[in-house]
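For clarity, chains are labelled A, B, C and D in written order, and residue numbers in each chain start from 1.
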Amino acid sequence: MQTEQPSPLRVGLIGTGFMGKTHAFAWRNVKAILGGQPGELPEIALHTLCDTPKPQAEKFAAQFGFAKATDDWEAMVNDPEIDVVSITTPNQMHKDMALAAIAAGKHVWCEKPMALTAEDAAVMTTAAEARGVRTMVGYNYIHNPAFLHAQALVKSGAIGRIVHFRGWVDEDYQADPDLAWTWRARLADAGLGTLGDLGCHLVSMAYGLCGPVESLIADMQTVHETRPLPDGTGSGVVENEDTATALLRFQGGFQGSISSSRSAWGRKNRLAWEVHGTKGMICFDQERMNELQLYVNEGPKATQGFRTILTGPEHAPYGAFCPAPGHQLGFNDLKVIELAAFLKAMKAGQAAHPDFRAAYEFERVIHAVAQSARGGGQRILLGGDM
Amino acid sequence: MQTEQPSPLRVGLIGTGFMGKTHAFAWRNVKAILGGQPGELPEIALHTLCDTPKPQAEKFAAQFGFAKATDDWEAMVNDPEIDVVSITTPNQMHKDMALAAIAAGKHVWCEKPMALTAEDAAVMTTAAEARGVRTMVGYNYIHNPAFLHAQALVKSGAIGRIVHFRGWVDEDYQADPDLAWTWRARLADAGLGTLGDLGCHLVSMAYGLCGPVESLIADMQTVHETRPLPDGTGSGVVENEDTATALLRFQGGFQGSISSSRSAWGRKNRLAWEVHGTKGMICFDQERMNELQLYVNEGPKATQGFRTILTGPEHAPYGAFCPAPGHQLGFNDLKVIELAAFLKAMKAGQAAHPDFRAAYEFERVIHAVAQSARGGGQRILLGGDM
Amino acid sequence: MQTEQPSPLRVGLIGTGFMGKTHAFAWRNVKAILGGQPGELPEIALHTLCDTPKPQAEKFAAQFGFAKATDDWEAMVNDPEIDVVSITTPNQMHKDMALAAIAAGKHVWCEKPMALTAEDAAVMTTAAEARGVRTMVGYNYIHNPAFLHAQALVKSGAIGRIVHFRGWVDEDYQADPDLAWTWRARLADAGLGTLGDLGCHLVSMAYGLCGPVESLIADMQTVHETRPLPDGTGSGVVENEDTATALLRFQGGFQGSISSSRSAWGRKNRLAWEVHGTKGMICFDQERMNELQLYVNEGPKATQGFRTILTGPEHAPYGAFCPAPGHQLGFNDLKVIELAAFLKAMKAGQAAHPDFRAAYEFERVIHAVAQSARGGGQRILLGGDM
Amino acid sequence: MQTEQPSPLRVGLIGTGFMGKTHAFAWRNVKAILGGQPGELPEIALHTLCDTPKPQAEKFAAQFGFAKATDDWEAMVNDPEIDVVSITTPNQMHKDMALAAIAAGKHVWCEKPMALTAEDAAVMTTAAEARGVRTMVGYNYIHNPAFLHAQALVKSGAIGRIVHFRGWVDEDYQADPDLAWTWRARLADAGLGTLGDLGCHLVSMAYGLCGPVESLIADMQTVHETRPLPDGTGSGVVENEDTATALLRFQGGFQGSISSSRSAWGRKNRLAWEVHGTKGMICFDQERMNELQLYVNEGPKATQGFRTILTGPEHAPYGAFCPAPGHQLGFNDLKVIELAAFLKAMKAGQAAHPDFRAAYEFERVIHAVAQSARGGGQRILLGGDM
C-alpha cells in the first residue's frame, strides 16, 4: 500500500547538538545524494528548527537552511504545517516530545535510545501504532553499506549457519576518573549508562545479524563510583553503569555475548563484532567503518585467510556517495542513508526499520541486561510480547 | 587586505560526474558545516549548473538545488550574475574553460590536474594572476584533518629534521588486462596516465610535508600496452603510463621517492606516505583516512612504538563535522574543507592553497617525472621559475 | 634457600607429539640460549625418551639427542637415574604419570591442563607438595616477553588501576562440521572441550594480569552436536563444549569476561585480551605474539593513540634469542623460556610459576565455568581453599 | 649426482655474535627439527668454535655444545677434521676466511654480504667453483615458509604475469643522530652502509620473486654526515650511505623499485615488498613474518579484498616446527631452514641456493645501486656475466 504523502514533506527538527547536526545534515542532503531517481524520494522542506535559547535556534536554522526558528517545541509539533518531527534532544525528553508529535499526527524520527525505560518505549510504540504515524529510531550504524553487506553475506549462507556471536562497544568519554560529575551519572536523567549510550547500538547490529535474543544473564559495574562535582563542593555519586557484559542466547539456538564500556581508554567508537558460522566468520569494527573482515572455508587451506573488504559501489548505496571504491564514507553519511530508508518506507506506506517497535525490541535487551546484573546475574527471558 | 566580495557568492558549476558531485556537495554544505561563526564564510547562491545534455544538467540542478541549468558553459562563465566557477569536466577541457572564466573575471575552482601539460598550467596561472582572480585546484587530500595534523607535527619538530620521504598512490581501475580501451589511454585526450590521475595528489602531499622538489630521475611503464577496442574491432594502443616511479631530491637537502600505479590490484585509494625524521616518523594511508601513524623516539625504548592516532575534534576542522573522536570523516567531507579554505582566502583577499601557481608547482613535478622517464632516467632540474 | 641439585639434571620425557617436541626442543636448547651466565642454569642430560611404540621413541630420541629410548613410562619414572620428568601425553594420562613420578621423588614438568578435573588437579598438587618435588605446568604463553612486559606495565601503574578485563581464545580445529568424531569429543577421555584445550591458557593470562577470580557466571554450547564416526557407521555424540563464555568478578573488585571457541573459522591461535585501566589500556593477540598494544592517557590528546610495541632486547629475555628488536620469537621459543623459569626455581629451591598449585587455581576456573554453564548460569564462588 | 659426504659432517664455526649464535643454533637443531626422515640430513658433529678472545670461544662452545674452542681461525679452517666452515665474523673478514677455507677444501656457509665489493664476491665465487666445494650465503629471509609460499603462488600464476615490484628494508639502528661513530661508518671496514646491511636481503627476495635485474638508476644519501667520536674528541665522518633507493628494470620486462634506510625511526625489521600481477597482488612484511597478504581478482567484486594468510603446516616446512597453524615461527627458526637447504644440497651434490654465485648476483645489484648513485643517477646495466 502506497499512502498519499504531503509534498514537500515539511520538517521540524528539535535539537542542535551532536545528533541535531546529523539530522539537519541528513534532511538537507538526502535528496541530493540519494534522490537520483525522480520520485524516489519526496520533496523536502526544512520548515522549522527548534532549540533553546532561541538565538541558538535562529543561528542554526540560518546555517542549515531551515525557514523558521523557534524555542517552543510544543507549538512546533502541533504546527499543522509540519509533517515530520526529528527529535534529537537529551534522552529524557524523547518520550514527551514523541508522544506529543504522535498525538498531533506527525511522523517521528527519534534518536536512540528512544526512552529511558523499556516501559516508556512500549508506551511510545503503542501510541505511534495507534495513531498510524511512521516512526524511525536513530540506529545509524545498521545503515552502513558495510553492515548491509555483512547482512547480505549472512543471509546468502556465505558463512553457513551462525553458531556464535560476540560484540563490543567501547568509548573513553567516561574513562578519566577526574572528569566532573554530570547529569549523565544520574539514573533519573540519563537512565542507563554505557548500555543506553552505546550498548543499544550493538544490540541493533546483533539483531540485524542474528535475530532476536531469547534470554540472557549479565553483570555490570560502575568503575568510577563518584566524580567531583563541577562546583568543587565534593563529589557526586555515579548511579549508572560504566561497563556491562551479557551472555546471550538467541532464538536461533546459538549463544553469544555483548560487552560495553564508556570508560575504555583509547576506544573512540569501537563498535565491533564477529559472527561465527559453520563455514566462515565475518568481523567488523566501526573505527574502520569502511572495512569488513571475511573468512570463508573455501579453496586450498594454504591460501585461506581473513580478507579485508573495502566498501565501494558494489555495496549499495555507497555508489550514490562516490563512484570509486575505497574512498570512504563518513559518520554523517550514515545518517543520510538512514533518513532515505525512513523516507522510502513512509512513501511506501510501510514500517521503516527500525521503527519504534523494532527499537523497543533492541532497547528491552539493554534493560534486561541491567535487570539481570542488578539481580546478581539471574537469567532474564525476553520471549514475551510487549 | 580584505577585498569586497559579492554577497551572496553566485556559483556556476560545470560538470556532474564524480567530481561534479563533490563540488555540488561542497557548495551546498560548506556554510552549514563550517560556517559556524557569523560572517566567517560568505553567503552562497547555487546559481547555475552546466552539463550536457541539458536534461542531465536540469536533473542534477534540481537534485542539488541549483537555481538554473544550462548546457552552454561559455555563456555561463560570461554570465555577469556568476561570481565563481567550478570546473569539474574531463581534464582536457580545464584549460579553455578556466581561461574563459578568468577572462570574464570569475574566480575559479578547478579540478586537478589543472591541465594536460605544464605549459598549459603555466599559461592558466599567468592569466589568473594577471586578471587578479582567485583560484583553487582540487587537491582535496591535503585538506584532511589527519594531513593537517601531520603537517603541524612536522612543523613543530615532533619528528625532528626531515631526512627522507616515501610515497605511493595506487588504484586498480586499470589493472584488468581485459578492460576496454578508452580515451584515458590517449595522450592527446588524457595527457599523462597514472601520474595525472593519481600521482599529482601524492606530489601535493609531498610538497605539503617536505617542500619543493629540486630535481628527480624517473622511470615509467605501460604495463598493458594495448587494450581491446570497445567495438570489438581489434585493440587500441595505450599511449600513457600505467606505473611511474621517481627518485626525488628536495630543496631541503634530503631525498625521497614517489611511485604510482593505476594497475595495482586490490588498491582502491592507497595514497600513502611516510616521512622520516631525525626524531621520529609519521605514516599515512588514505584507505584509512582517519588514522595517522606516529613514532617518536621519546621515553623508554621498551614502550616505544608506532601509535595510531584516530582523528577527532583536536584535529581541526574535524569537530565541525562531529564532536566525537574516531567517528570518522568521509571522502566527500574533504571537499567541504577544501572549499572553505578557498572561501576564506577569497574573503581575506589572499591566495588560497593550492591556487593555480601552487598547483602548477605540483603538476610540473609529474611532467618532469614523465620527461625523465622518456629520456631513460635523465636528471630533471625543477629549480627554475615558471 | 638454595637446594642441592643433581648435576647434570637428568631428564626423562614422555611423549613425542605436538607438546613432546616442544619439550624436547626446550630441554635441548635452554642452556645454549638462556644459559649465558655460568652456573645460572644446571647442566642438563637428555637421559631417556619414552613413547609407544618403541621404534617411535627410538627415532625421536636419536633425532633430539636423548641417550635412551623406552616404551615403559613406569619404569622410566622410577629409574633412579632420572631427576625430572616431562609429561606431554594426552590429558587423561597426566594424573597417573605425575603421581607416579612424584611418588618416585622426581620433579615434574607437566603439560596443561594438568588433569581432567579440578579434583584430580588438587590431588596432584597435594601429592607434589607432600613429597617436596618441584612442579611446573606448561602454560607457555605467560612466558612470552610481550606478556612479561604487559605484566610489568600493569604493575608499574602505567595504565593505572585495573577496571576491566576481556579475553578470548579461539581456534578453528573443530570448526568444520564434517570433521570426524574423535576421543576429543568424549568427556571421559578429554574432559572439557575448548575450555581445557584453550580456555585455561586464557585464564593463566588473566591471572597474571588481574589476579584471582572471585566468582563467575557462564554459558557454553556444543555447536556441532554430533560428528560422523570415522568408520562411516553413523555419527557420534560430541559430549563437551565447542564454545564457552563467562562473566568474571575478580578479587581485585573489578569485572571481566572470557570466551573461548574451538570452532571459530579463521582463528589459528587467537589468544587475545585487553586490560582496561584508569589511565590506559593494554591489548595483546597471540597471533601477533611479538606485539603489544598500549594506550596511555598522557600528553596532548591530539597525539594519543594505541601504540604497537614490537618486542626486542628491552623485553627480557628476548635479547638472549636475538640482539635486534622486531626480529621475532616463535612459538617454540616460549617453551625454552618456560623451562628456564622452571630450572631457576628448582635451583633456587623455590616454587616455579605456575607450579601445580598455581595451575590448579587456573584450572578450577575453567571447571567452574563448565559447572555454572551446566547449571544454567548459576554463580560459582571460587574463594575457598583447595 | 650424489657425492660421498663425510659422516658425521664436522662443523667449524667462526664468530659468536648476532649471526654466530644463529649459526650455532641452526647447527645444533637442524637434525632435531628437520631431520625427521632417516638419512635425509647428514649426521652433524659440532667440532670447533672459533672466536677471540679464547675464553669467549670456550664459553660459547660449552654453551652450544661444540667439542673444541680456539682463537685461531686459520688453524681451524685447515684442520683436516673440519668438513664445513660457518663464517659469521664482521663483513670485512669474510673474504680471507672464505678463501682460506675453500683452499683447504671445506664447504663454506658464509654470512651476507659475502664481501665488501662485488669484485671480491666474484673472486670468492670463482675460487669456490674451481675447488668444487659447496657454498651457501646467509640470506635467511628467503627461507621463510611465507616467502616460499609467495614464490609458489607467483609461479603457479595465482597473480598472473608480474607487472611491478616494490620493496623496502628499514631499521632504526642508525636513526639517532647522537649515536657514536663506529667502524660501520668507514667504507674500508664496512663497505656499503644500509645497502650492505639491509638492502641485499631485499634484493634476495626481489630475485626470488621477479628474477634478475637488467639495469637500474639510483640515488643515496648519508643523512647523518658526522657522528660524535666515542672518545669525545670531536666527530667522525660517516662515509657510507644511510638511505638508498633504486629504480629497477627486471629482465622479465617490468619495472620496480627498492629502498633501504638504516635511519628509519620505528622500523625494527621492516623488510617488506609487494608484487603486482595482472590478476592480483602479494604483499609481505618481515615484522609480521608469519603473515602473507594476497589479493586475487576472483569471485564477486563485492567480496574481494586482501586476505591475511597465517602460515601453518600447509606451508612447508612450517609443520616440522609446529603442527598447528598460526602458532608462529621466529627469526632463529629461519636459519634452521636455511641450513637444511644447504645440507640437502650438499648431500645431493648440487648447488645450494643461494650459493656464492647466486649471492654474487644479489650483491652486485647493491654495488650497482651505489655506483649509479655516486654517478648522479646514471643507468647501470647488470646484464653481463661475472
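One rule holds in what follows: a contact is a pair of C-beta atoms (placed from the backbone, for glycine too) under 8 Å apart; a residue touches a chain by one contact, two chains touch by 3 or more.
Which protein is which chain? UniProt says A, B, C, D = Glucose--fructose oxidoreductase.
Given the structure is predicted, the values throughout are model-derived calculations rather than measurements.
Engineer: What chain lies farthest away from chain C once each centre is taken as the mean of the Cα atoms?
Structural biologist: So the chain farthest away from chain C turns out to be B.
Engineer: If you tally the C-beta contacts for C-D and for B-C, which one comes out higher?
Structural biologist: C-D
Engineer: State, to the nearest whole Å, the distance from the C-alpha centre of chain C to the C-alpha centre of chain D.
Structural biologist: The separation of the two C-alpha centroids amounts to 35 Å.
Engineer: Just how far, in Å, is the C-alpha centre of chain C from the one of chain B?
Structural biologist: Comparing mean C-alpha positions, chain C is 54 Å from chain B.
Engineer: Quick check: what residues of chain B touch more than one other chain, meaning two or more?
Structural biologist: If we look for residues of chain B contacting two or more partner chains, we find 267, 304-306, 310, 312.
Engineer: Name, in rising order, each residue of chain B that touches chain A in their complex.
Structural biologist: 18, 24-25, 28-29, 31-33, 35-36, 38, 59, 63-65, 171, 173, 267-270, 287-289, 310, 312, 321-333
Engineer: In their complex, what parts of chain B are in touch with chain D?
Structural biologist: 159-160, 163-164, 166, 168, 175-177, 217-221, 223-224, 242-243, 245-247, 249, 254-255, 257, 259, 261, 263-267, 276-281, 295-297, 304-306, 376-377, 379
Engineer: Along chain D, where are the residues that touch chain A in the complex?
Structural biologist: 149, 153, 158, 292, 294, 300-310, 312, 314-315
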